[in-house]
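Just below sit the structures, each encoded as C-alpha cells.
The following pair of complexes shares a single chain, chain A, combined with chain B in the former and chain C in the latter.
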Partner chain A sequence: MRRSLTPYFFLFPAIITILALTIVPLVYSLYLSFINYEMGRPHIEIRFVGLQNYITAITDMRFLIALLRTFLFVGVVVSCEFVLGLILALALNRNFRGRNLVITLLTIPFMVAPVAVGFIWWTILDANYGPMNHLVVDFLHLANDKISWTGDANVALFSIMLVDIWQYTPFMMLILLAGLRSIPAEPYEAALIDGASGFTLFRYITLPLLKPAILVALLIRIIDSFKIYDLVYLLTYGGPGTATEVASFYIYLRGFKHFRISYAAALSYILLMISAVAITLLINIIRRGTRR
Partner chain B sequence: MSSETKGKKISRREALSTAAKIATGVVVAGVVAGVGGYLAGSTMAPAKTVTETRTITERITERITVTVTETAPTVTETAPPTTVVAPPAKPPYEGVKLTICGDAGHNQMPFYWEKDRIAEILGVELDIVGVPFGELVDKIMLDFATGAGEYDIVVFPPFAGGDFYGGGYLVNIDPYIERGKTDPEHWDIRWDDIILTFRELYCSYGGKRYAVTWDGDHYQCYFRRDLLLDPKINEDFKNKYGYKITDVIKSGGESKLRYDKEWLEIAEFFTQAYNPDSPIKYGTSELAGRGCNQWHWNSRFGSAGGIYFDDDMNPLINKEPGVRALQNFVDVIKYCPPGVLDFGYEEHKDAFLLGDAAIIVQWPCIGKKGQDPTQSKIVDKLGYTLVPGFEVGGVLNQRGNLAFGRVLAVSKFSENPEAAYRVIQYLSGPVSWWATKWVADPRTGLDPFRYYHMENPDLWKKRWGSDPETAGISWNALPEYLQSAKINIEHGFPEPTIPGTPELYDALTVRISAALAGEMDPKKALDEAAAEWIEIIDRIGRDYLKKAWQALKVGWKAAGLLKE
Partner chain C sequence: MKKPTKSLAKDIGFYIFIIIVCIIFALPFYWMIITSFKIELDIFHYPPVYWPMRLTDYNYRVGLIDLWGLKAIQDSFIIASSNTLLVLAIALLAAYALALLPVKGKGALLNWILSQRMLPPIAAAIPFFVLWNTVGWLDTYQALILTYTIFNLPLAIWLLTSYIEELPKEIHESALVDGAGHLSTLRHVIMPLIGPSIAVTALFTFIFSWNEFLFALLLTRSKVRPFTVIIPSLIGGHVILWGAIAAVTLVGLIPEIILIILLQRYLVRGLTLGAIKG
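Entry: the complex of A and B
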C-alpha cells in the first residue's frame, strides 16, 4: 500500500502547483467569460449572461480587425524569421574560425529582454533624433523626408515587425542549427557518391531531416507571435488610429484599461481557440508533407 | 513508430485531440506567463523605478530649520511666510508603515526628498511605489477592486476620479480637513487656498471631499519670444499675412489667437517646408499620439463651444464644434515635426524645448523646465500666453483643457487612514510652503494649484536658488509665467471625469488618431466615437452616469467654467 502511494506523494507538489496556477485560473476565467463582471463598477449587478460576451465579441469589428492584423503579423514575422534563420543556420553549419563567436554575437538580440528591445528601438526609430532616419535619409538617401516609423499608419506595423524579426531570428537560427547538427553525415555521403548537387542535397536530405526542428521552431514562434503585446505597447500603443492594434493588445485594453474583465476573458478564449485551430492545421500540413 | 503508422491519415478524433492538447499547452503557457507577469509586475515586485536622490534630500534638509526638542517642540520654516507649526510632542504615528503609489518619475521626487522628514516628524515609514505613467490608473483600480489594500495613499489623475470616487474606494477626508482648522497639531491644510477650479473639479464628488490637489495641470500657450516678437520677423510676417504676430500675442497676457486663422498662419510661416526662410524647422507641435491626443482635441472642442453630453447623456462630440475642432487638428499636423502622430508628453515637450518648434500648447511644467538650462535650449526665449480659441457667435472663445492633473487620496482599505491623511497634509502643508517647493522645482512636473503659489514668486526664486542643480534656472520670465497660468486656469475647459472616462477616452483617442493619420475624415471619426460612447454609456448605466454628469456640471458651474 505504502509503495503504491509513493509516486503520488512525489507528484503531489506538482499537481497542486498546476491546479493553483493553471487549472483554477483557467476555470475561473471561463466562468468570468459567462458573467458581466466589470472591475470597479459596484453598481452593476453581477449576473450570468450566457454567451452574450462571445456574441458581442464576434460582432466587435475592432476586435475582428485586430485579429486579422494579428494573423498578418504572425504570417509575416514567422516567415521572415524562418527564412533568415534557416539561411543563417546553413551558413553557420560548417566549421570556420570564430564560428562560436559569430553565433554568440548573432544571438544577442534574442537574449535581450523584450521591454529593453522596445525601448532601444523606440530610440532608434525616433523620427527626429533616431539613427534609423539618419541612415535611411542622410546616409543611404533612400528617402527625401524623414520617415515616421511609428507614427505613420502605413509604416508602423512594419516597424514592429522589423523589430520582432530582429529579435527572434536568432532563436529560429539556434533551433535550426541544432537540427542541422543532428543530421548524420551518411545520407550526404551516399548522395554525393550518386552525384547529387548542392541544391539536391538540401531539397531531398537536409530539408526532410530538418522537419522536426522546423516544426518545433515554427510552433514556438507562432504561439509566441500570437501573443505579441510588449512591442506594440512600447512602440506605438496600438496607433496611429488602430493601425498596430493586435488582438492581445486589444484584450489588454478591454480588460485592464476599461475594466471589462468578463468581456476580456471571452476575447481571450476566442483568441485561444483560433490560435489552437491554426496551429493544429499547421501541424497537419507539416506532417502531411513529411509523409510525402 | 512504424512507417505504416507514419503513413496513416490523421483522424478527426486525433486532430481534435491534438488541438485540445495544443490548446491546453497554450493556455498553460499563457496563464503561467500571465500570472508570472502579474506577480512580477505588481504583487511580488512592484515597479520602483525611481531612485532615491539622497544628496538632494540632505541639501533640502539643510535649508529648512526644523527644531524638534523634547521640551519645546516646534517646526519652523525659514522661508516666507514665517509659519510656526506646533508638531506633536512625539511623532504620533511611530511604527506606522504606509505605502504611497504614484506614477514613477519626476513627480515622485518630493516623496523621496521628504521621506526622512516625514519619518522624523510624523513617525511614518513611507514606502514609495512608482508605476509607469500609463499603468497608474489600472494598478490602483486593481488594488481597489480586489481589496488587496496594498496602497494607503494613491496619486491619480482626476479623469479616473469618476471610477474611484463613484466606486467608493476612497476615504472621505472632510473630518480631517475640519479637524485641521481647529486642532493646531493637525495643521490646517488651507483648503480654500486651493484654486477653486482644482478643488471643485479634482477633489470633490457628490458634495464630499476625497482628495487633495497635488498637481494643477492646465494648458498654456508657449512661444519663442525671440522669434515671434522679433521686429524684422514681424515685418516679414505682416507682408505675407497682413498683420503682425505681436498684434495677436502678448507674453504673460491674453493673446487673440484663433486656431483656424492666426494659429495656422503662424505655424505655416515658421515651418521651413512651407517657408524656407524660417529660422526654425517647424511651426508647431501637437500632443497627437494615441492615448493623449484627446486632451488637445478637448481644448479645441471647448473653444469651439462644445460640451461632452446633453442632459440625457447623449454624446455631443460629433456635432459641429467637435468636427470643427478635429478638422483644425488635422489641418495643423503638416506644420509639426515628423512622427508627431506618435508624440506623447516627452516628444512634444522636446520638440519645443530643444528648439524645433515655434509655438505650442502644453502643460505648465514646460514653462519652468524651459527656463532650466539642464533641460532646455531656449532659456530666456520663452513667451507665455493664453491658449488659442475659435470664434463662436462672433466672440473669440479660448479654452485650454484642464487635462490630467494629480490628486492625493487615502484608500478606504488603508489601516491607518488618519496617518495617511497626515502625510498628504504634510506634503501640501506649511513645512513645504504649501507645496510651493514642489511646484516651483523644475525637476518635478508638478504645477501650481494654490493661490499661494501664484502670489509668492519670491518663493519660487528661493527654491531655485536653494540647490546647485536648479541654481541655473532663469528667473526673468516668472511673473509672466504665473500671470499666464492664472489667466489660462480661468479659461480652463474641464475633462469629463465621470465613471467610465478611461473607456470613453479610448474610443475617442483612437478615432482622433485615425483622423489625424488620414484614415477617416473627422466627421466619420467622431460619429464612430459617439456611437461607441452610446454603447459604453448604456452598458455602464445611463441613469447612473446621468447623475454623475449632473453633479459634475454643478462643480463646473461653481468654478465658473460652465455658463448655462
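Entry: the complex of A and C
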C-alpha cells in the first residue's frame, strides 16, 4: 500500500499548485463571465445575466476585427520567420570560424524581454530621430518624406510585424538548425552516388527529414505569436485609432481600462476556446507528421 | 573536385552574408548602448548620431537612481529568483515521480501539464486580478511569484521528466536496493547527475519571470515595480527620457544575456519543449 501511494506524495505539490492556480481561476472566470460585474461601480447590483456577455461579444465588431487582425498577424509573421529562419539555418549548417559566436548572438533577441526589444525598436522607428527613417528616406530613397512608423494607421501593424520577425526569426533558425544537424549523412551520400544534386537533395532528403523540426517550430511560434501583447502595448498601444488592436490587447482594454470585468472574462473565454481548438488541431497534425 | 578559386569566392560570399546577418541582429543593441551614453543633444538629433563623441554617465544616474531603475531591477530579481526556487522544488519532486515511479495515467498527466502552457495569458489575467485584489495581494511580491508558477511549472516538470527518464534505470534501482529512501535518492543520486539540465530548467523559469510583462503590469502598483513595468511607464511621461530608459533597459538585459551565453548550448531542448533533443 505504502509503495503505491509514494508517487502521489511527490506529485502532490505540483497537482495542488496547478489545480489552485489554473482550475480555480478558470472556473472563477467562467462564473464572472455569466454575471454583470464591473469594477469600481459598486452601485450596480450583481446578478446572473446568462449568455448576455457572450452574445454581446460575438456581435462586437471591434472584437471580431481584432481577432481577424490577430490571425493575419500570426499568418504573416510565422511565414516570414519560417522562410527566413530556414534560409539562415541552411546557411549556418556548416562549420566555419566564429560559428558559436554567431549562434549565441542570434539567441539573444528572442530570449530577452519583449518590452526591452519593444523600447529599442520604438526609438529606432521614431519618426523624427530614429535611424529607420534615416535608412529608408535618406539612404535608400524608398520614400520622399519621413514615415510615421508607429503613428500611421497603414504602417503601424506592419511595423509591429517587422519587430516580431526580427525578434523570432533567430528562434526558427535555431530549432531548424538543431533539426538539420540531427539528419544523418548516409541518405545524402547515397543520393550523391545516384547523381542527385542541389535542389533535388533539398526537396527529397532534407525537407522530409527536417519535417519534425519544422512542425515543432511552427507550432510553438503559432501558439506564442497568437498571444501577442507586449509589443503592441509598447509600440502603438493598439493605435493609431484601433489599427493595431489585437485580441489580447482588446481584452486588456475592456477589462483593465474600462473595468468591464465580466465582459472581458467572456471575451477571454472565447479566445481560450479558439486557441484550444486551434492547438488541438495543430498538435494532431504534428503527431501525424512526426510519426516516422 | 571544385576549383579552389571558385570555392574561395564562395567562402567570401558566405562570410559577407554572415556579417550582414550579424549586423542586422546586433545593430539594435549597439544603438541602445550608444543611446544610453549619449548627451541629450546627440539623442535628439537628425540625422542620428551613430558614433557619439561626447559621452556621459548622466543617463545611468537618472535612470537607475532618480527614476528607480535599480529598485525595479531588484524587484525583478526578487520575483524571478523566488519563483525559480519554488518551481524547481515542486517540479523536481513531480518529475522524479513521473519518470521513475509507477504513476497511473502518466501520459495524460504530462499532456495536461503541457497544455497549461498554451493558455493565453490574458485569459488568466482577469480572474487572477480579481482574486489577488480580493485577498489584498495586489502590489506584492508573492502575487507575482505565485502567478508565474502556473506558467513555469508545466515546462519545468516536462523538461526535468524527460531528462531523468534518460538516465539508466539501474542507477535508480541500485540506490533503492542500497536502502536509500526516495527523497534521498532524488537529492543525492538523481540531482547530481542532471546538474546541467536543472540549470537549463532554472534558466527558462528565471528568464520567463524576468521578461514577463502583462501580469507584472496588472498586478503591481507602486510598491513593487519590476523592470518590464517601469520601461513603458517612463515612455508614457511628457518628457521622453530616451537615454535614461535606455540605461535601465540595458542594465535589465545584462543578467539575462550573461545567463543565455553561459547556457547557450543546452537551450534547444528547452525551446522545443523537449521535442527536439539539443
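Keep in mind that, in the parts below, the second predicted complex is superposed on the first by the 277 of 292 C-alpha atoms of A that agree within 3 Å, B and C clash if a C-alpha of one lies under 4 Å from a C-alpha of the other, contacts with A are read in each partner's own complex, and residues count from 1 in each chain.
As a working rule, contacts are C-beta pairs under 8 Å (C-beta built on N, C-alpha and C of every residue); 3 or more make two chains touch, one makes a residue touch a chain.
Please read all numbers here as calculations on a predicted model, not as lab measurements.
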Original post:
Looking at the overlay, what does A:S275 touch: chain B (first), chain C (second), both, or neither?
Top reply: both
Original post:
Touch check for A:K227: first (chain B), second (chain C), both, or neither?
Top reply: both
Original post:
Thinking of the overlay built on chain A, is A:L32 touched by chain B (first), by chain C (second), by both, or by neither?
Top reply: second
**OP:** Examine A:Y204 and indicate which partner it touches, taking first as chain B and second as chain C; both and neither are also allowed.
**Re:** neither
**OP:** On the superposed three-chain arrangement, identify whether chain B or chain C touches more chain A residues.
**Re:** C
Original post:
Touch check for A:A127: first (chain B), second (chain C), both, or neither?
Top reply: first
**OP:** Could you say whether A:H43 touches chain B, chain C, both of them, or neither, answering first, second, both or neither?
**Re:** first
**OP:** Scan A:L21 for contacts with chain B and chain C and give back first, second, both or neither.
**Re:** both
Original post:
Which chain A residues contact chain B in one complex and chain C in the other?
Top reply: 18, 21-22, 25-26, 39, 128, 223, 227, 256, 268, 272, 275-276, 279, 290
**OP:** Quick one: which bits of chain C touch chain A in the complex? Just the residue numbers, please.
**Re:** 14-15, 17-18, 21-22, 24-26, 28-29, 31-32, 35, 43-48, 50, 89-91, 93-94, 96-98, 101-103, 109, 113, 115-131, 146-147, 149-150, 153-154, 157, 182, 207, 210-211, 213-214, 217-218, 227-228, 231-232, 235, 242, 245-246, 249, 252-253, 256-257, 260-261, 264-265, 267-268, 271-273, 275-278
Original post:
Mind pulling up the chain A residues that touch chain B in the complex?
Top reply: 18, 21-22, 25-26, 38-44, 126-128, 133, 145-153, 156, 223, 227, 236-243, 245, 253, 256-260, 268, 272-273, 275-277, 279-280, 283-284, 287, 290-291
Subject >> chain A partner contacts - residues on chain B that touch it in the complex >> reply: 6-7, 10, 15, 18-20, 22-23, 25-35, 134, 137-138, 141-142, 144-145, 163-164, 166-169, 289-291, 337-343, 347, 351, 356, 499, 502-503, 506, 510-511, 513-520, 540-541, 544
**OP:** Give every residue of chain A touching chain C within the complex, in rising order.
**Re:** 4, 6-8, 10-11, 13-15, 17-18, 21-22, 24-26, 28-29, 32, 39, 88, 91-92, 96, 98, 100, 102-109, 111-124, 128-131, 134, 138, 166, 170-171, 174-175, 178-179, 182, 212-213, 216-217, 220, 223, 226-227, 229-230, 233-234, 247-248, 251-252, 255-256, 261, 264-265, 268-269, 271-272, 275-276, 279, 290
